[in-house]
Structures are given as C-alpha cells and as structure tokens.
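Once you scroll down, you'll see the structures, which are given as structure tokens.
Consider the two complexes below, in which chain A is the common component and chain B and chain C are the respective partners.
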Partner chain A sequence: MALRAEWLGDRRARLIMFAALLGVGTASIMSRGTRWLGSWKLAIDEVGGSVFLVGPVAAALTCAVYVRLQQAQVDELLSQAARPWRGWTAPALGVWALASCAVGLLAVVTTVAARIAGATVYPQLSWVMLPALLVLGAEVALGALVGTRSQRYWVVPWVGVGTFLLFLLTRFHVIPVVFDTGPTSGELIGETFDPPWFVYQSVAAIGVATAAISASHTHLLQRSSVAWKAFLCLSATAALITLAFIRPPVDRYRPAPTEADVCYPEHPTVCMTEDGHRPLLDIVGKMVSLARPLIEAGVRLPERFVPIESTSAADPHTGILSFQDDDQLARSVDEEMAAESLATPRLCAAYSSDDPRVLPEVYFSVYNTLVLWLLVQAGDKSPPTDGSTATWWALAPEQQYAWVRTTYAALSDCRLNDLVRPQAPEARLR
Partner chain B sequence: MTVLISGVRCTYHRDAIPAVSIDQLELTAGPVGLVGVNGAGKSTLLRTLAGCRQPQEGSVSIDGASLYGRRRRVVAQRVGYMPQEIQFPGELSVTQVVDYAAWLRALKPRHAAQRRADVIVAVGLEDRADQRVRALSGGMRRRLALAVALLSEPAVLLLDEPTTGLDPEQRAGVRAIIGEIAGRCLTIMSSHVMEDVASITSNVIVLHGGRVLHQGETDAFVRERGGPTQSAEVAFLTTIAGA
Partner chain C sequence: MRAPLRTWGASRIGLAVVLTVLWIETTATDQITIPPFTHDLNGWCFVPTLTAIALAEPLIDRSPQLTELGVRSPLLLALARLALVWTGGAAVVGYCWWSGDLGRWAAPYVLLFLAFATAVVAALSSWYWLPLLPLVFVWLQVSASGFPGPDFAIPRWQVATAVAAAWLAYAVSIAVRDAAQRRQ
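Take a look at the complex of A and B:
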C-alpha cells in the first residue's frame, strides 16, 4: 500500500516532523545516560520505551493533520474516491510511518552502538519493537480521532498531554497495559522479554487503533471495504476479550533461559553472563591487581568469580562479583567493587537468609576490614590510625597474613561464626 | 445518458424536515442549471448525485445502475464532482494535487499520467502545472478543482457554485471552460448567479425547500417568466415568489 504524504506538509515540514520525533526519542533514551551501551537487550528496550514520548508527539502531529484535513473540507473528495477509507487513513499512516522510521532509526543506532561497546547481540529479540510500534499506531489513531472530531487547532497540545497521561495511567496500573512500552529501570541482565505480555499489549493496541481510526469518520467507514470492516470487527472483539477477560502477565520481563558465561582466564578467573559483560576486562585487571597481596599471603582463591545471577553462583568454589547499581552496564568499575568481590569468595546461604540472626554481626566488620586491607595494599586507601584495630593496621603486611588467611578460609567455607576481628599480638597477650 | 432520481429524501437530523425531497426527476440533456435560494437543497442534491451522501430514502441511478448499490464504486467513477469549497494543501503543486486525486480515484498510473496532462490542459493550467496551490488565484483554484472533477472522464459532471467568489474576469474564464466541457457530458451546475445559468445551461431546475419547483428549458424559463427585460434573475424571483 502506497504511503501518501499530501497532508503532512511539504518536504521541509516533514523533515521538521521527523526531526522532532527523532529528537524526543533521543531525549527519552539519553535521559538515563548511556547505561544501555552495556546491554543490547536494554538498548532495544530503551528504544521501545521511547514511545512514551514519541507517541504523544506523533499523536499531537496527527491531530494537527486531521484538523487541517477537516478544515480543508475534503470530505466530498474522499467520499467520491474509489477507496475513500484508504484516502482517509493515509495521513495517519503517513505520520505513523514517519514516527516508526524515527523509532526504527533509533533502534538501529542504539543497538549498533551497544554492539560496538561490546554487548552481545540478540537479533531474535528484535520482535519487541513490533508491539511498541503498534502502541505508537494506537496513539496516532487517537490523535486522528480527536483532530477530526474537534476540528480545532487548540486541542493539538492537549492531545499530546492526554496521550502522555495514558502512558502514566498504564504505568500506575490505573488502566490496562496498552500504553506501557517500558523501559525498565533494571539492567535486564539474566532476563528477557516475556512474549505473552507483549501479545496481550499488541492485541489491545491494534484494537484501540482500529476502533479510534474507525470512530474518527463513521460516514467514510461505511464506505470502507468489507476486508477493513471484517478486520475492525475482529480486532475490536479480540481487544475487548483481551482487556475484559484475560489477566495480563505481571511483568514485561522474565528470567532468561540459562545464559552462557564469558570468562577471562586470569588468576583469579572472572566470568560474566553473556548478555552483560561490558566491564569484564576492567574488572579482571583490577581484581588481578588487588588479588596479588592475597596470593602472597597464601590465600587460596576460588576457582572463579561470577555475578550473583549467574547459574554457577551457588558453586562452593565460586566467588561472587559485588555489583552495585549499574556497574554491570558500565565500561569500568571502581577498585572498591573489585575489592568487595574478592572479599566474597563464596555465596553463603546466610547472605540471603530471611533471618538476620543467621549472619553474625562480626561478619560485617571483618568483611569491611578485609576490603579495606585489599585497598590499603593497593595504595588506594590509608589504614586507620585509631580505633581498636589501629595497632594491627600498624603491623607489617607479613604479620597481617595470618589473619587474612584464616579469615579468607572461613569466608570460603561459609564458617561465618569462626570469624574474628584482627588483633595485634601484644593486644592478644594483654 | 440518464440520471434518474426516485423518491429521494435527504435529512440531516432525524425527524427534521428533509433538505431534499424529490419524488421523480429525470435528467437526460444538459447542461442543467440548478438554482435556488440558500438552503434550497442544491448542494445536498449534488452531493447525493455525486455518490457522497446516501439519501435516507429513495434511489439515484445512472443509466439504470444504482449509485448506492453493490456496484457503487464503478458507477461513482462515472461522476465528476466539483464541491463548492475545497482547499487543497497549499504546499502542493497543481500536478501533485491532480496526482493525489488520481490516486484517490484509483486510476492506473499510466492512465493517470495521461489524464493528468489532459485535464490540466482542459482547464488552462498547463502554464501553472508546477506552481503551488497557495500561489494560485481564486479563479485558478476553481479551475484546479474542476480539473480534479474531470479526472475520471465523467459521464456526469456536477459543479457546485463554480463561479462563486470570483471576480468578473475570473468568472468569465471559468464559465468559458465549463461551456466548452459541458458539451461532452451531462453537466449539472448549481449557481446563485443567474447570468451564468442563463449563458451556460440549456435546462434549468428551480429548487425550493428541497423540492423541485420548476424544470424546463432555460430559454423558455427566461422567456416566459423573465418579464419585459427577459431577465433570468426576474424569472427565478417570479418562480420563487409563486411558491
């Protein structure tokens, strides 16, 4: 079907529209920085999510186009057309195509950028853009409906505001998930998109789109083809059934099937999940450097370190990488994160127990001392000069090795009740 | 070519007085002038004849084929319609407007290209083919609307107030073009300007309150009712006054 752009203005106006749509999409994606560079899935999710801003702008533009169309009194021209409905919907399709191109371009740019940044590509998940574009279509159709019915230019900005409000109402679960295109506030590492949720959204969005565009001009609708009328009935019925009788899945995302690990065979070996391993090299460099004093102290390091969501995290010979916030998506991590990871040589059950008494209080001070010791050895921090452990900190490293060895062995075996704070030899004598 | 209107009732609101109420009207020879005061039902009747507005009651047929029947799409292709007011996008050129109309009319590309050239020449806009609509005068815009109406090589051409709002020179230009085209198809033209009706049409229909008050040859209409000055306007006013 040919796309007609007669009512969208001249080439310059169309370019401005495209730039505006691209601009708000970019603003939406960049509003939370460039964290999406660390994950292809997150990158495409951010693009889909940009519809929360692109949609309202597209709806407002469509509204303006249909106000123009109505004020031009072309009803007769359309009514006489061989396919009046095609003529009527062409401007809406034009705006939708323009907005879809903007979103598509953003998808290409962001996913390629994520790929260049080192993220693993999941082309099989590209389908997630389709529901986002259908939601965009529903918003465009609502713009056409309001523009036609109102025939007033002053409603144009309100259409944008109203469509954005629909997104907010969806986000806060006041209305069904039709207008929620994301994006997630998480990292999507170890997660994937949940198809039933998107099918639910797509069916509802198609229903809203067809119902809105059909209601925009019921007179011309009567002249539409039997195929369109059948499609309208089918989609409206499917949407009604979906919204009324089917409970939407709880979340857009679900745990991903087992992800492969990407390992860097240094000592210690560090592995990260395939879908988010951007900072791997940086982590390896910092952990190898920080682990040297541990190795000199005679500590036996775990066979490898992995993120907590990795399937091998429960392995008794596996240490845990202590990621905070968006560490996993960043290009680099700080030394403290690397030190904290080295100080977690095993995932002990007590760490995730609901009963706080399972984790002895001494664990926290021992853990913090070990992290600090690693950072002090690397020259990143200074040892404390006062407090109960000041005398121990004043000892030569060789004299501190015994506590480090004992502590590390206890942490590796999850013997958390055997942990003791470091003490200088004379303090023990006293 | 015969346009037959049978038992047509057109209302805008339920239970309202019909805007058009015609028991039987047969149009075979043209050009036909459709005259009446504001609200007489001229535009409604033309919209109905154009296939744009299905009457609540009755039927319209062209050479025996119903305009609102199963073959509406085919029958409507035989009708060209120039609405009273239409504003094409100002940024489009004359050629682009005609192309757009050809797309709406679902003309095949090759045929559309040929027709585009023909209708632009027919309305005398060949020198302005690349000019934007916003740069055209009122008269040229009316001619463009006429070109659009002529695209599908209509057997029936409906013109709703084609000269309204034009200055005398522009009116004369549009009138000359219509006069030339009118011989090729059954042309039905509504107008307030009795001078136009008298000079272009061979038959006249006077509508009043949606009903046909008079139908006959234009010359006889003016001769019999136009008073000592043989004025078309006087003939029209005399007819209306008798209603």
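Take a look at the complex of A and C:
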C-alpha cells in the first residue's frame, strides 16, 4: 500500500474527523430524544438513519482529501508504484472506515442502552446496518469523484450539500430508494425490516460506489487488478439492471406481529408485545389502581389488555391498550392513557370501520364520560359541575355504579347501539 | 476585472443564486416528512442554511500566494470578495422578499445565516462547512414548526447587528492574518 492513512492527515486530524462524524451521528440519533430506548429494532434503525447526516460530512471530507491529492499530483507518484489503484482508493477507504467505525460505535452504544433499558434483542436483524454502510460508501465515493475531477477546494461544501440533497430527493421519491437509510417516524412495533428494499438499495449503492471511485481516475484504473475490473463490471451492471428494470420496493418495513407477548399477571393482566414493552410495569400499576372502582361497581373486566399490534388483539375478553404518540416506547405513561385503556375492554369492528355510520355518535360521549369517571374516582380530575350530566356527577359513587356496569358490559360485547349517556334518576322522572 | 471575478467565484455565486431561486420556485410550498423531524418541512426551511453554505464559500482565499504578490492590499481584496458574496446574498434576499408573504419571513434568516457563515469563515477558513452542515440539521429541527411565519419574527436591528458584526469579524480576521504573515 503506497498510499495509506497519512493522506487523511496526522493522528490529530484523523481524531478530529472521527469526532466530527461521531458528533453528527449522535446529533441525528438524539434529535427526537431517547425514544429508541424502548425498542431494539428502533435503536438500530435510528443508527442506520444517522447516515443521512454522517454521509454528507464523510463525502465532503473525502472530497477535501482528494482535492489535496490532486493538487499535490500524488497520482503521478502513484503510477510509479507497484499497485497504484490500491494506493489511490486507500484514502477513500480510510474515510469510509472512519465513518463506519463512528456509525458502528453508535450502533453498539444505542443497542446496548436499549438492552439495558429492558428491550428484547433481535441480533438476527443486525444485517440492516450493512446496507446503511454501503450507502455511506457510495456517498464517500461520490466525494472522491467530485474532488478528483474538480481539483478545487471550493467544491467541498457543495459536495456536502449535494449528498444531503440526494437524500432529500430520495425522500421526495425523485431517486428510488438508494440514499434513504431511514429512520422511521413510527415505533417499529409489530413491524420488521423488509429485505427486498435493502437488497435493492445495497445493489444500487455498491454499483454507485464502485463506478464513482473508478471514474475518479481512469488512468490509474487501467492499472488496477483484473479482480477489481471484474468486480467493477459486475457491480455496475447489476446496479444498472436494478435501477432500470426492477421496480423499486415501496416500503422499508413490513408488518410482522410477534407471536409472544410479555405479560404481567395482575387483575387485570396486562400484556405488551415482545418488541416493545418498556412501560409495562408502569401501566400495570396504574391500571390496577384505576380498575378498583370498576371492580367495586361489579364490572367484569376483560381477562387481559394487549396493544393493538398483538396477535391476540381481536380475541374476545381482551381489552386494548390505547397508546398515544410515543407512549409505547416511554418508560412511563400518564393516568389518562391507563384510563382510556380500561375504557376499551374489547376491539370492536366498528372502531376501524370505513363506514362512519357503524359507530354511533353516542359512543364518543359515553367513552369520554367513562374515562373521566375513572379519573375522578382516582382523584386525578374533578367532576363537571355544569352541563347536562352535572346532576349525575353529583350522585354518590354507589348510585353511579349501575350506569358504569351496563356501559362496561355493552362495550365488552360491542353492543355499541345500546350505549346511553348517564342520567340522574330525577332527570329521568321529569 | 473579469479574471479576478472568475477566480473569486462570481460564477459560483451566480449558480448558487439561480439554484436557490429554482429550489424556492419548485419546493417552497411543498410539505415533506423527514423522519428525524417531528413536523413536516417545506422547501423554505432548507433555504437559509443551504444558501449560506453555498454563498459563503468564495470568501475563502484559494490562492493566497497570488494575493501576497498582488499590488493591492490583501484587506482590500478580501473586502471586494465580501462585497461579491453579499451581492449574491442580497440577490437571494431580494428574491425572497418579492416572492410573497412567506418569503418576507424567510428573508431575514437568509441574512442571519449568511452572517453566521461569514463569521465562521473568519474563524475556520476552509473548514467552515464542518460546523455548518450539522447546523442545517439543527435549524431544520427548529424551523419545522411554523417556518416561515409570524413565530419567526425577528427585529431588524438584530439582523443588522449580526450582519455588521460578521463583516467586522471577517475584516479583522483578514487583517490579523495579514499582519501575522508580514511579521514572518
């Protein structure tokens, strides 16, 4: 190797580069807080997603290195060496290795942190890091190409902005799939990575990377080994065929409900999916204490509560945990979430029907009243003192039990048309 | 005069202005979702930071030996470069300003970020883009909720102060570097 890491600068310069790459990667991962602690899949997805920022910085750094190589006419020096092509590609490989190390380090830190936070580990899904690193390689190679061909330092920031725009254009669906390394805006619960997307991306990225680095110096390329030339032909052809003839996959993720739920046997039993159960203990505690007045009222609680992604969500005698936003990934939930879950003792078809007439309008006010009743009993909220139901709210809890019981039974059996708003006995007489 | 203008990057400035105008025309009102950001982004969100990175680049003296040998003082040449870059900046700001209400909210931020980029060039010279690329990201995070709009109103005197401070920082950095070079 005639040309090695010294072209990246001295040890201090390399350390600064590594710190810069690590810094932007960390900024990307922490941009929405630490929600990924709640799911191992999400943690590794966030790390892959950090390439959208690490990539442009790495590409710009590579560009700067190759402008320096060209201005110092290193290629002429190299053409005297035994393996000129290996020497020529070494700096690009060096930057790629630095950036990959930074991303790899982030992957280890985030996944271990998620593991410590209690997330189930899916080592068999670690392969998703590979396509992300290949995209990083393609961006680095583009940086080398532009740097060599322009021989001007002013292109360096343009390369950074340009590769970032490549990511944006992929998001806009102008470019298919290639530069989009995630992350998802969802929770990845009950979902997994869809291999066709990643295969398409990898083939295209390898093709772009080898073609770009080869086009950077055709004179030295001619003196590369036969193996490299064969690899170049193969990867470039594969990428061309993929981009030209194969329809790009639509989505990075596909539904994959986990069979096993993690359950906490209490009254009621609460289960969460194996791939995202961080707030389970907190939910159990809150639901058990909120359920006490229901049990006193003589309500028959469902056997268990599960999230909508669970394979058993549609079973009878199964309530639904009603998560909002990132509840499912957080360490704790609020009382309202626990109350809303208790007020959903079964997944009725009407909730997800396309026909709005299937769900009677009274359902919403009954549901809201039941949730409020649970929170009032727990002392979290105060009962309304005006409005049509004020007299009912003024009754002693024992007098409210009858409505709670019939309402809960109707919700448990999905008899939504039987639901009625609470009314005080006097009001009914009048 | 044509040769130095080319060396200083007049064509790059022109290209950056044209690309910015094209970007505003094609994407400004489109909403897109990028997962790391909680809110939708429109094309305007990308304008201040990306134009600042592109426009500030010609502020760097790429041929210092030539400048040293020149008849005119390095400070004067640097100020000419500053004038060139800010002419490009003024063109972008002018286009934003006349393009409608949204553009009027965005225009001060183009000035602010160009001022910031000028100050960073004064401090870091050719490595100025290294802190600015992550800033693009931070800005997207901030701007995702309601940029451009009344939430992002900023007093004119603040913008004027930032611009003046950036120009001063740039001029001082050139003067200091020049003085250091002469001492050697």
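What to note about this one:
Note that the second predicted complex is superposed on the first by the 424 of 430 C-alpha atoms of A that agree within 3 Å, B and C clash if a C-alpha of one lies under 4 Å from a C-alpha of the other, contacts with A are read in each partner's own complex, and residues count from 1 in each chain.
One rule holds for everything that comes next: a residue touches a chain if its C-beta (ideal position, glycine included) is under 8 Å from a C-beta of that chain, and two chains touch if they have at least 3 such contacts.
Note that the coordinates shown come from a computational prediction; the quantities given were computed from them, not determined experimentally.
Partners chain B and chain C fit side by side in the overlay (superposition on chain A).
When the two structures are aligned on the shared chain, A:Leu53 is found in touch with chain C, with no touch to chain B. Of the two partner chains, neither chain B nor chain C is touched by A:Ala19. Once chain A of one complex is fitted onto chain A of the other, the partner contacts of A:Arg83 are limited to chain B, with no touch recorded for chain C. Looking at the shared chain after the overlay, A:Val174 reaches neither chain B nor chain C.
Between the Cα centres of chain B and chain C, as seen from that of chain A, there is an angle of 50°, stated in steps of 10.
In the superposed model, A:Arg32 makes contact with chain C only, not with chain B. In the superposed pair of complexes, A:Trp7 makes contact with chain B only, with no contact to chain C. Legend: residue contacts after superposition of the two complexes on their common chain; A:Val74 is shown touching chain B, with no touch to chain C. Between chain B and chain C, it is C that contacts the larger number of residues in chain A. By the touch criterion defined above, A:Ile241 lies against neither chain B nor chain C after alignment on the C-alpha atoms of chain A.
Closest CA pair between chain B and chain C after superposition: 16 Å apart.
The intersection of chain A residues touching chain B with those touching chain C, taken from the two complexes, is empty. The part of chain B that touches chain A in the complex is made up of residues 47, 50-53, 73, 76-77, 79, 81, 83, 85-89, 91-92, 96, 100-101, 103-106, 148. Within the complex formed with chain A, the chain C residues making contact are 9, 12, 32-38, 46, 50, 53-54, 57-58, 60, 62, 126, 128-130, 132-134, 136-138, 141.
In the complex of the two chains, the chain A residues touching chain C come out as 20, 23-24, 27-28, 31-32, 49, 52-53, 56-57, 60, 64, 152-154, 156-158, 160-161, 164, 168, 171-172, 182-185.
Across the interface of their complex, chain B is touched by residues 2, 4, 6-7, 9-10, 13, 68, 71-84, 87 of chain A.
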